[in-house]
Each structure stands twice: as C-alpha cells, then as structure tokens.
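After this come two complexes, each holding chain A, first together with chain B and then together with chain C.
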Partner chain A sequence: MVRKNRGYITLFLLPTVALFIIVYAVSLVILFGTSFTEWSAGRSPVFTGLANYIKLFTDDADFRQSALNTGIWVVLQSTVHVAIGTLFAVILSMKEFYWKFARTVYMFPNIISGAAVGMLFLCMLNPEFGAVNSIVRLFGNADYSQNWFMDYATAFLSVTMTWLPYAAVVTILILAEIAAIPESLFESARIDGASNFKINLYIIIPMLRNIIGTCVILSGTSMLQKMDIILMTTGGGPGNQTMNLPIYIYKTALMDNNFGYSNSVGVFLIGFGLIFVLLCRNLFRIGSSQN
Partner chain B sequence: MLKKSLGVLKYGFVILIVLLSLGPFLWVLLASFKTNAEILSNSLGWPSSFRFSNYTKAFQIAPISRFYINSVIVGIFGTLLNLLLLGMAAYVLARFQFRGKKLLMGAFSLSLLIPGAAMLQPLYLTVNALGLYDKLIGLIIVYTGFGLPVSLYILSSYFLTIPKEMEESAYLDGASFIQTFFRIILPISKPGFGTAGVMQFLLCWNEFQFAIILTTGNQSRTLPLALYYFKSQFASDYGVMFAATMVVIIPSIVVYILLQEQVVSGLAAGAVKG
Partner chain C sequence: MQKSLYKAGCTLAGMLMLTMSITACGSGNSAENNGAAATAGSGNAAAPAAKAPVKISYLTFRVGTHASAKMEEEQIKQFNAKYGNEVEVVVEEIPSDAAYVDKIKILAASGDVPDVVMGKDGINDVLIKGNLATPFNDYLDKDAEWKAAIGEDALASNTRDGKIWSISDQKQNIGYFYNKEMFEKAGIKPAETWDEFMSNNEKLKAAGFVPLALMTGENAWTSNLILAAMIGTNGENGKTFMNTLHPTDFNTPEMIQALNMMKELLEKYTTKDALGAGYANAANAFSQGKAAMIANGPWMIGDFSDPTKSSEGFDAKVGVAAYPNNSLISTYEVGYMIGAKTPETRDAAEKFIKFKTGLEGQTLALEYGNVMPVSSEVQPSDALKEKYPIMVESITVAQKSQLHYRTLDSIVYPNVTDAWKNLYPKLAAGRATAEEIAKELTEIAAKNK
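Then we have the complex of A and B:
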C-alpha cells in the first residue's frame, strides 16, 4: 500500500513543504546570514563579523530597554496572566449559572485584533473623554485625570494592563483538562470529607501540572510577538519606556533602514524564546508522565 | 466565616473579569452612536439617540471600504488555502509511515518556536523578491504559512480520531487515494476543519505586523491598519473613530459567537490529548 501511495504522499506534502521553505526556512537563513553584516536597502551586505552583536550588548540603550521590557512582560505573562486564567478556570469549572456567559465574554478581547484592543484602551484612557478619567472625576479627584499612555510614570503599566488580564485561552485549555479528570476522584475525596476548597487545592491544581506548563509557554512566548497594541497606544514611547524587541526590530529594519543590525536583534529574540521554552519544559517536566 | 469570605472573593473576581472584558467594548459601542459633543460632555452616559451617521461617515472615508474588502478577501482565501494545503499534509502525516517523516515533523514544529517578529525583514525581502510586495496574494501566502503549526496540530489530531476502517472499505470499493481524501475524509472531518478554519480566519482578520510591512498605500491594506493609519485623521471626530473600531471588531465577535462551541471543543480536544 505504501509503495502504491508514494506518489500521492509526495503530492500531498509538497505544497506545505514549499510553504514552509518560503515562509520559515528562507527567512531563517537570511536572518542568521545577514546578522553578521552591515546592510541597508539597495546595498549589498558587507560581512562585519560579530560587530552587530558586540554593539547590541555594549552600546545600545534602546536595545537594553527593549530586551528588559520584553523580559519583564514575558515573566508577568507567564505568572500573573496564567494565574488569573487558571483561577478563573477553577471557578468556572464549578459550573454555576453564569459560567458559559462568563467564558464567552472573557474570550472577546482574545479574538479581536490587537490594533482594535489598542484603540479601545486608547479611548478608555483618553484624558479628555475616556471612561477611566471620567470615573476618576466622578469621585472628585481630578488630579488623576492624566494621559496614562504618555506619562512616564504610568505608560509601562498602562500597556501591560491591556493584555495581562485577558487569559481566556489559558482558561479554556485548563477547563478542558479539569473536565477530563475522572469524576470518581472527586467522589472519593468528598466521601473522605474534603471541602471544595481542599479539592481544588490538593486534587485539581496538582493534576494540571502539564497543561499549566503548556500555558506558561504559550503565554510567555506570545509576548515575543506583541507589537500591534504597543504601536497603537504608545508607539514604544514615551522615550523608550514601552519599547519591546518586536518594535525595536521594526524600527531598526524599516525606519532606520538598518537590516543587518535588525536581524541580529531577531536572532537574539529567537535565542531568548528558545531558552525560555527549554526552561519551562524542565521546570514543569512537560512530556514526562503525569503523577 | 472563611467560606463566606471566599465566596465574596470569588464573585468579586468573576464580576471584575466580566467588567474588564465587556466594559471597554460596550463603552465604545455606545459612544459610536454619540455625537462629538455628547462624547465630550457625557462620556459615561447613554447616547441621546441611536444614530448610525458615524458608521456611514466611517465608510465614506474612502479607504475603509477598500480595507474592508481587502480583509474579507485575505480572510477567505487565506483560510481556504490554509485548510486545503494543511489538510492534505496533516492527513498524510497522521496516516502514513514514510522516510523523512520525523525530519519533516521536526521542521514543522520548529515553526512554532520562531517568533514572527524575528522574520519581519527576511519575509519582507522574500515577498519583494517574489514580486508580491503590496499585493493581496502576498499577504494570503504569508498568512497561510503562519497558520501552519496551529492548523497542522488541530487537523492531524482530528484525523487520528477517524477509524482506519473507513478508508480501507473505500479502497476495497475501488476509490483512489485522492477520491478517498476528498470524498470520505474531508466530509467527516468537518468539525476539525471548522476549528482550524476559525483560528485561521481570525489570524488573517486580525494580523497587523506583517500587514504593515508587506503593503504600502491603500491598495492592499487590511482593516487593522485602517485603525492605525486613521488614528490621527479621526483625531477630531471621535464618533467616527469609535464606529471604525466597531467595524473592525464586530466580525471577529460574530464569527466567534456563531462557532464558539466548535472552537472551544476543538482547542480543548487538542489540549487534553496533547
């Protein structure tokens, strides 16, 4: 059967292999190759060895800030964000009357365009007509009516708040895992006199190790992509307060026209992601058998 | 006592989450029916009447309808192409043993580990070299590729649930490989294709960072860019800005609400098995 089908197997795989080569493989080769060159549009790349990387690590405050911000956001996303999502899943798994409604609504910010989320928050936090400042004024304390996204003190936190609470994907994945825990386990715990709180703490949470690990990886790595909301709200500013690595790559490549240098930042970003994924896999012993 | 305060904490948390998720959306929706004066004077209140003039005005700003059509085209073709190609690949990978299979699977799962942002400049170069810069087809191909890991994962885990006997009896009846795939496998895999399709459509509809570097001018830009580019143009006309934001958001929400059981169960099935 295999021999007879060999032609079809190739035929069915070929388009996807071509797609992979065009989108991923060629990009990776260009990325690594040109990260050791000085290169701008319309010129040929000139090999400069490690010059880009040396500059990156020793003499580039914007890069340092971007990497630091990215790091902080990855950590927040893989801890606070996952914790919110997990907690919400545990609550929804009790299937009280509102659970389907709450699950649906929670998903909204996760499925709409990041540019639109940025726009929503830009409006919500607008100093003139935004809902947040209007509510602040209701309580008579006009001093807090400020431009949250443009203020040095609040910009970073404001941008962080536009995604930190929205962990609906985490919630859905964990809800599914909870649903897969055999009912008999809960029953015997209840017979032994365990309260709901104790069941959550000692039975459900430990059984979720694998899936929580997966969520930590998914959530953390999603922060290596974040660009639309930041461009929409602060553009990386004020100064470089809310710059992250994707915005920095975008700026160096397409605004400063500095391709080689931008690609060395790209290599750094991939390395950063790989180390993060490997760390998480070890930490959560993902792949090793459960219990 | 402890039980009671835990209960209060629980409901407080649920209400906070629901308000955070729904609040900004509802507030902008309400504001999209207000006049400029109402927005400034009555930021938290109800609009005096539900007028649609902001929406008609948003569409009169010519490029928005162009952007809209572009988004629909990219969304539909980016999804169909992705489902067709990845469906074929996932089927073969889920069903057959052949040399190089491990290598191929390894390469494909590599794509999950590469942040798109790292590929901004290289992909710009590739698309340019293929003569697809500032063309919808360029975006369609790139998005079809970006959906590779997710679609492959969802579809191949779905194919693994189909009993092999289905195909064996088709073969005995004289169906060819291609007939078996298109006539037997495709129809019974509708739920799998549904989940992968919604994820892929939302990816195409919402994507921003590659749309911004692979297009220029207004000819082939998509909706999320409309918001970015007209942020400053709308600056004096808040009502229209709100209406434009809603125009981008509503299709995503409608697609999700219509197909949410499908999406949730598809994601969940993958997670539990994985």
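Then we have the complex of A and C:
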C-alpha cells in the first residue's frame, strides 16, 4: 500500500521539505558558518576560527549573566509555570465554580501580545502613577512605593511575574488530555472508595505524564525566545540584571554591529535548546506507553 | 464594397478602442497627466505616452504621536503636489525611532536599504562603511542654490574625507525649559553656574517641587542632554570631548565629574519613575506640572499649548534657558542619505531630499514641527511667533549663548547610546562608581565594529 502511494507521498512532502530547506536549514548553515567570522552590517564576513567562541566562554561577563538568567527562567517556566497550569487544569476539570468563565478569563493574558502585556505591567507598576503603588500608598507611607522594574532587588522578579503565572495554554492542553481519560476509570475508583484527591493524585496526574512533558518542553523553550516583554519593561536592566540570551543577541548584532559574534551566541542558544528538549524527552519518556 | 466598408469601420473602431486604452493606461494618477495624454493623443498619434513616475522607497518614524509627524506629513504632501508626476514616494511608516534604526540596520546587513534613508543613530556609519550610500558632492556642485540653503557648516558636519554623505535637515539648539511659576515660588532664576544649578534643585525640592524631569530608558535623552552640558562646559577638554566624533576614551575627569553630578540628580532631584522611564514619561512630568525643568529642544514647544498634553494656559508658564556658563547644545542632525542603487532612483531620491532640506522644506519643518532651520534665510512667520512666543525666546537664547557643544547621541557610537539605559540605574543604585561607569563606556565603545 505504501509502495503504491509512494509517488503521492513524495509529491505532497516535497513542498514542505523544500520550505524547510530554504527557511530553516539554509539559515542554520549560514548562522553556523558565520559564527566563525568577524562580520558587521554592510561588510563581508572574515573567517576568524574559534575566536568568537573563545571570547564567549572566557571573557564575556554579559554573556554569562544572560545565559544564567535564561537558564533560571527556563527552569522556573518548566516547573512553576507548568505546575500552576496543571493545578488549574485539575481544578477546572471538576467543572465547578463557573469553570468556563474562569477558563476564559485565565486565557486573556495569553491572547494579548507580549509587548502589550509589557506595557500594561509597566503602567501598573509605575512608581508615580501606577495602580500598584497607589494601592501601596493607600495602606501606608508613600516611601513604600517602588520602581519595581528598575530596582536591583525587585527587577528580576517583577519581569518574571509578567509571564510566570499565566499558564492558560498549559491548562488547555492538560484539560484536553483529562477529557480523553475514560470515565470508567473514575467510576471504578469511586466504587473502590477513592476520594477526589486520591483520584487526582493516583489516576489523573500519572496519566498526564506525556502531556506534562510536552508542556514542559513548550514552556521551557518559550523562554529561549522571550524578548518582547523584557524589552518593553527593563530592556535587560538595571545593569544586566534582566538580560537574557535573545536580548544579548539583539544587542550584539544591532547595537555593537557585530553579527559574527552575535551568531556564535545564537549557535549556543540552539545547542542549549536541543539539550533541554532531549533531557525533557528522556525525563518524561515522551512517546512511550502510559503503562 | 459594403464588406470593405464594414472591415474599415471595424478597423477604425478597433484603433479607437486601442488608442483609448493606451491613453488610460499611461495616464498615471494626476489630473494633469490625464489632460496631457489626451492632448497628445488627439494631436499626434505618434507622441509617446506620459512617463510613469519613478518610484522611491522611504521609511519614516515620524508618524502617529511623534512630535514631527505633522511636519513629515506636510512635507510629503507638498512634495507630491509639486513633483508627484515625476517621483512617487512609497512611504513605509515605522512607529518608533528605535524600531526604525533596527530595521535599517537589518536591511543594511542584507545590502538592501531604502532609496532615502535618515542616517540617525549610527545608520550613517553603517551605510558609509558598507558602500551603500551615494555622496551628494556631484548633486550639490550642480546646484549652488541648494548648497547655499544648507550652508557650509551643516555640510561640513556631515562630510568625511571630502565626501558629503548626508544632508542635514535641522539645526538643534537645545537648552532647557522651566516652569516660571515654580521658579518664582522657590525664589530662583535660571542658573549661571553648575553650583547655582545644584542649589536651584535643592531650593525647588525644599519648596515642594520635583526639580527635574529625567529619564534613563530608551536613549536617556533628557538626562543625557544635561550630562552633555556638564561635560561640554567643563573647560577646554570637556568642550573638545563634546565636539569629537566617536570618542573611544570615557575615562576623563570631565566625564567622571559629570557622572557624579548625574548620580546626585537621579538620587535626589527627579521623579521616582525616572530610572527606566521613556521620553513620554519625562515630557508628561514637565507638561503636567509635576517637574520644574526639562532639557529639550524647540520641537517640544507645540506640546505646551496642546490640550492633550498640557493643562490649559501651561504655555504661559514656560520659560527657556541656556545651560550654565551661557552654553547651549548646538548640533546639526545627520539628515538624509541616498541609498538608491540605480541612476534613475538616485536622481529621484536626490529630488525628494532636496525638497525636504531646501528652503521650502525647512520652512515647512519650522512652521509645522518647530524645527530650527539650517539656513538663516528661513525665519518664523508672524503667525508662528504669535502662536509660540517661546519660539522667539528660544531663538534669542540661541543667539546670546557663547559656548556650543554637540549632543552625546550625535558623537558616540550607537552601542554607547544604547548602554545608558542600563548604566544609569547602576550608577544611581550605587552598584558602580562614576569611574567604573566611565570604564564600562570605554569598553562598550571598543566593542563597536
């Protein structure tokens, strides 16, 4: 049967393969190739061997800070963010407390663009006219008001809070998986005297291993691209307190006009992402049978 | 016979239809073109169809709420009215200065820049180094009138190795605006020395006012104007530094001294949101009467009587002053560059730039954007003077000032401009000393390629 349809399969695969080669594969080859060069806008790349990588790992404090921040955000996103999303999914699956309304409201931050969310938080947390500081002032001394995004003590957490709690996509994915669990399993458990808590803990959550693993990968890798909100709120500051690898790539390429070096950071970021995905696949044994 | 008559009739009808369709196709957009084509068609069948206008691409960030949006719109409108049948300007709007700069740099990396480029924030360097721009020398040599309208000083500011790479569209004379009511209540007048400036801040604070509308986000514009003034007025070395293109050593006593003063201003004499704030925050703080001073140029004057930005009658409360030591930031904008690749589009781009930067364009910029012209021939109209008396005051202050220096943005590498947003909070939070910040600036400048 497969042999009979081989022609059709090849024909339908061809555009996708061609697009992949043109859009991704060629770009990746160029990215990798130019990471070994000194290359700035308007000039031809000059091969410099491993110089960019040596500098990256031995003499670049900004890169180290950016990589560290990216790593912390990946870990937070793939643990706390996914845990919040899973918890919401389990609660909402009970279909109590106006669950459709709650699910819709919870989804809102995910349908607004990152830049708009950043602007929203920037206004809300502004120390002069922001809602948060106005409330703080209501309850005490005006000196309690903070410049949340630019104070060294609060900047990292403030930026993190703009995306960490909003795990609606995780919730939706997990809710779909919960809906696919056969009702007979729950009925058997109830007949055996299991409480809702025990059903959640021993039946639902173990059966969600595959989808939770997928959510961990999706949430973690989203942090490898995070840029809009950080640029809107802190621009990577104060100092380089909230700088991550995408912003560092942007700054190195467009501000320092050093595309070759920037591409070496890009190669590092791709490698980092690949390792993270492979680790998650093994940890959650994604794709293997639930049993 | 009848058959041949029928054939001839069909042929004539066909020819008539063909002529009409050719006329319609070649007519372009304007009514004048339609008329010309119709006349040519009726008078001489062999006359060529009207030539289509040359299309040139132009990206602009002067849109939306940008202070110069009205000016840009008017310049393009009037250019189209005058030269629309020769040149068609295809405008792409980018609603942010920073996004514009990024986009042009990305386009430059692929060697494909628009036909007309504003060379601000290091774009001029990228285009010159990448051989992506055409110098204006030949065009200016053929047009003495245009050359005179720009003036020697403005041309010299954008000349490198004898090549004029861009045409300045404005002269920036920048002092600071102050709230006369607050100054009166605090019992002060614009400072003549930096000691007096600092003492004014203290008196304003004691009177219950926030002295300065500063911001460190974006390009730290209003803060850096004051920093530039502090450096530029600090002896001959400071003045030389502030008039040097692409300084590479920031470890100077003048820079360190100025950074220490800025630290004090950021810590004690500005709004709570100054760290990380954008231009809009600082502008609002002044226009809404929450801060007593803001360093900025005359293009802000329109905001003071704009009811969407300031309270009623606010313009009457605003005064303008030079910086201590009777000094003023005085610099020419980088202006427009030709990025076009073919001779035809290069000529069209030059025509557009000539309109924008010539006497006509400068007049429009002054009237619609409160932009200081590069030519002394262009003077504000009586209506403008009446509408914005502070504009006349600004011109007087500029004429009286004796010491001049440039903006930091116009002299440093673009990556240094980008670094302020992270360095100022570091300085204000005491995470780095002025000496350490100066060292970092030097290292950042060295990174520029």
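Definition applied: the second predicted complex is superposed on the first by the 267 of 291 C-alpha atoms of A that agree within 3 Å, B and C clash if a C-alpha of one lies under 4 Å from a C-alpha of the other, contacts with A are read in each partner's own complex, and residues count from 1 in each chain.
In this text, a contact is a pair of C-beta atoms (placed from the backbone, for glycine too) under 8 Å apart; a residue touches a chain by one contact, two chains touch by 3 or more.
Keep in mind that what you see is a predicted model, and the values were worked out from it rather than measured.
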Clash or fit, chain B versus chain C on superposed chain A: clash
First, second, both or neither for A:6, with chain B first and chain C second: first
Chain B versus chain C as contact partner of A:131, first or second or both or neither: first
First (chain B), second (chain C), both or neither touched by A:276: neither
First, second, both or neither for A:163, with chain B first and chain C second: neither
First (chain B), second (chain C), both or neither touched by A:234: second
Touching partner for A:197 - first (chain B), second (chain C), both, neither: first
Chain A residues touched by each partner, larger count belonging to chain B or chain C: B
First, second, both or neither for A:262, with chain B first and chain C second: first
Which of chain B and chain C A:115 touches, first, second, both or neither: first
First, second, both or neither for A:245, with chain B first and chain C second: first
Identified clashing stretch of chain C versus chain B [75-83, 93-101 or 237-245]: 93-101
Shared chain A contacts, counted only where both chain B and chain C touch the same residue: 128-129, 254, 259
Contact set on chain A toward chain C in their complex: 38, 40-43, 126-129, 145, 147, 149-152, 234-240, 243, 251, 254-259
Residues on chain B engaged by chain A in the complex (per definition of touch): 3, 6, 10, 13-14, 17-18, 20-25, 27-28, 31, 39-40, 43-44, 85-86, 88-89, 91-93, 96-98, 104, 107-108, 110-111, 113-126, 130, 141-142, 144-146, 148, 152, 177-178, 181, 202, 205-206, 208-209, 212-213, 223-225, 227-228, 231, 238, 241-242, 245, 248-249, 252-253, 256-257, 260, 264, 267-269, 271-272, 274
Residue ranges of chain A in contact with chain B within the complex: 2, 5-6, 8-9, 12-13, 15-17, 19-20, 22-28, 30-31, 84, 87-88, 91, 98, 101-109, 111-116, 118-124, 128-131, 134-135, 138, 165-166, 168-169, 172-173, 175-177, 179-180, 195, 197, 211, 214, 221, 224-225, 227-228, 231-232, 245-246, 249-250, 253-254, 259, 262-263, 266-267, 269-270, 273-274, 277
In the complex with chain A, residue positions of chain C that touch it: 101-102, 105-106, 108-109, 111, 122, 126-127, 129-132, 216-217, 271-273, 275-276, 281, 285, 290, 414-415, 418-419, 421-423, 425-426, 429, 431-432, 447-449
